[in-house]
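Input: structures, listed below.
Shared between the two complexes below is chain A, which has chain B as its partner in the first and chain C in the second.
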Partner chain A sequence: MAKEEAGNGLVFHPMDQFQIKTLFGDGPVHWYSFTNVTLWMGLTLLAIFALLVLGTSRRAMIPNRIQSVGELAYGFIYRMIEDVAGKDGVRYFPHIMTLFMFIVFSNFLGLLPMAFTTTSHIAVTGVLAMGVFLSVTILGFAKHGLGFLSVFWISSAPLPLRPILALIEVISYFVRPLSHSIRLAGNMMAGHAVIKVFAAFAAVLAISPFAIVAITAIYALEVLVAFIQAYVFAILTCVYLKDALHPHH
Partner chain B sequence: MYFYKVPKFVDTNLLAFYYTSNCPLFLDEVFMADKIDPKRLSDLNDRLNAKKSVSKKEAKHEDHYSGAHLGWRMVIELVVGMLMGLGIGYGLDHLLGTLPLFLIIFTILGFAAGVRTMMRTAQEVQTEDTVIDSDDLSIKNMDDSDD
Partner chain C sequence: MEGDIVQMGAYIGAGLACTGMGGAAVGVGHVVGNFLSGALRNPSAATGQTATMFIGIAFAEALGIFSFLVALLLMFAV
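So, the complex of A and B:
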């Protein structure tokens, strides 16, 4: 937020926008304090509620604009699950739809000027990815029992190699939730920080036209990234779900 | 019942297709209308299926997100795999007091795991491509085989 010029030197504060602050009163952030994260997560939920519940409350045969957008989002996720995870993956539609709507709305709300991007924090995306990881793993064990462990036991490899390969497979299984969360948070944080850096350059008269054009261009890119990252998060959840439902390939 | 509410200038078949292609929930409502004769219904069904298969093929093509994102995904997987191996190795060494041993072993294993994840991502994309183009590149089709 703070963009100031001290003497001749430029002052960059690209990471200030990610600070978590209490909104009412100051002092340290407790688990119960109402922070900017709380505010923007609440706004995200309100926006989703407005689109999916209020927007479709009339259930008109001919939908108005908001209802068509809600139905489009529904159909988009539904078809994606059907394509990637198959017909029996559709049962887990609510989980994936919830994830997608939450991420896409917090990404887009974060693009508003002065807004706080909740998905730029690894704590948020980590919890989302952890939820996916745990639910998919538990689902795999519930569906296949201990046979789910055969994902890690590559029967096509020669016997002496199998324990080592199993170790590698286990590590690569744990890589997935980590890369899942880092990708989303990293993309959001990087884009917003780059915008701030260019904004600091805009204070210099000679390069300010270039900086403003660059901000516009990066903002357009960020709009794209905001959707694509939510989409990638959802589609990878579908892929993991497919692996849990059909582990024997 | 629903069909009486629709204005005359709206093609009801087109409307039905709109709902079935975007939103499967409404399929029931469209076909629950009991004022349609069965011949027309089956005719509509055939046409819907024809249109559906076309739109499904198109939807598969849309699934590609740009190459840059695929690249980032792979790079992150590779790096995260190695870092995880490093962390596990260092943790084990810290517990057992054998500093360089497990660090080296698990870094290598983590790197292998990163490569494995990356290769799986590549394979996924390749399989998707071959399903779409139906090329006979003899790459094993991993999904859709068991249902």
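So, the complex of A and C:
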């Protein structure tokens, strides 16, 4: 990534912000070492705890601002699950609420200057997406037994077409965790890299006003994207959950 | 310099793979544009369908993600 020829003083390092470093000492990263990923995941958990536990601890009848934000998030996810996955999907509300809150808070905290975005790593989002994939598959087989396989057999299609559609459905089923995780990580990584590139352009005097306006605009866009990607992750989890609960097309 | 033709090919291929993301952009724009034209005809039905719109966006985007994945693999894995 490094551009060695820094002749005109313009050096781009847009991907340096995604490096994982140990915070104490500078040895290699072990599984137990305290890295910047650990720090920002911990801060994410603290922020969620502050919003949902401390913010609603008074349980006022007329909610104050923090409590109403917490209630808004709760109701938003609850209604989304009801709409997409149906009434019996509401049993799995805690899982989806946890995923949504974790992703939305790590996206928002990553937008702070000098922060580290944990969700920009495919390793992090891959674990979340694999968790969804495995739990949904196990749930489907536990609920319907081998009848869950009818999710691949589209009975509303004409009979000669069904084996071909079944093949496509099998492929698209197993590609789900891949697209599910890379969508989130790619959006986060690309947005932050674009902000860094424009920040490097701000050092050039001729285009620095344009670059600073562009950073502001892209930052506003990134705030939107941070929320929408968390929403899309949660809503796709609901779609997969609906497939597991009602596999018959 | 010589002997790096494989790496050159990988970088060119990564750049070409990124054109696939333009297709995802067209697809997402198509989904949202059609949603908006339908929503302006019947605004009362629009609020119930925003979730469907986002699901459609996600599915249209998924295929662009695969081209991004190919670009990443060419850059870092090949």
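Definition applied: the second predicted complex is superposed on the first by the 229 of 249 C-alpha atoms of A that agree within 3 Å, B and C clash if a C-alpha of one lies under 4 Å from a C-alpha of the other, contacts with A are read in each partner's own complex, and residues count from 1 in each chain.
FYI, contacts are C-beta pairs under 8 Å (C-beta built on N, C-alpha and C of every residue); 3 or more make two chains touch, one makes a residue touch a chain.
None of the values given here were measured: they were computed from a predicted structure.
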item	value
Touching partner for A:Ile182 - first (chain B), second (chain C), both, neither	both
Which superposed partner A:Leu54 touches (first chain B, second chain C, both, neither)	neither
Winner by number of chain A residues touched, once chain B and chain C are compared	B
First (chain B), second (chain C), both or neither touched by A:Ile171	first
First, second, both or neither for A:Asp83, with chain B first and chain C second	both
Partner chain(s) touched by A:His246 [first = chain B, second = chain C, both, neither]	first
Contacts of A:Gly75 with chain B and chain C, given as first, second, both or neither	first
Residues on chain A lying within both footprints (that of chain B and that of chain C)	83, 175, 178-179, 182-183, 186, 228, 231-232, 235, 239
Footprint of chain C on chain A - complex, ascending	80, 83-84, 175, 178-179, 182-183, 186, 228, 231-232, 235-236, 239
Residues on chain C engaged by chain A in the complex (per definition of touch)	48, 51, 54-55, 57-58, 61-62, 65-66, 68-69
Complex interface listing, chain B residues touching chain A	2, 5-6, 10, 15, 21-25, 29, 59-60, 63, 65-66, 69, 72-73, 76-77, 80-81, 84-85, 88, 109-110, 112-114, 116-117, 120, 124, 142-144, 146-147
In the complex, chain A residues that touch chain B	61-62, 71-72, 74-75, 78-79, 83, 86-88, 164, 167-169, 171-172, 174-176, 178-179, 182-183, 186-187, 228, 231-232, 235, 239, 242, 246, 249
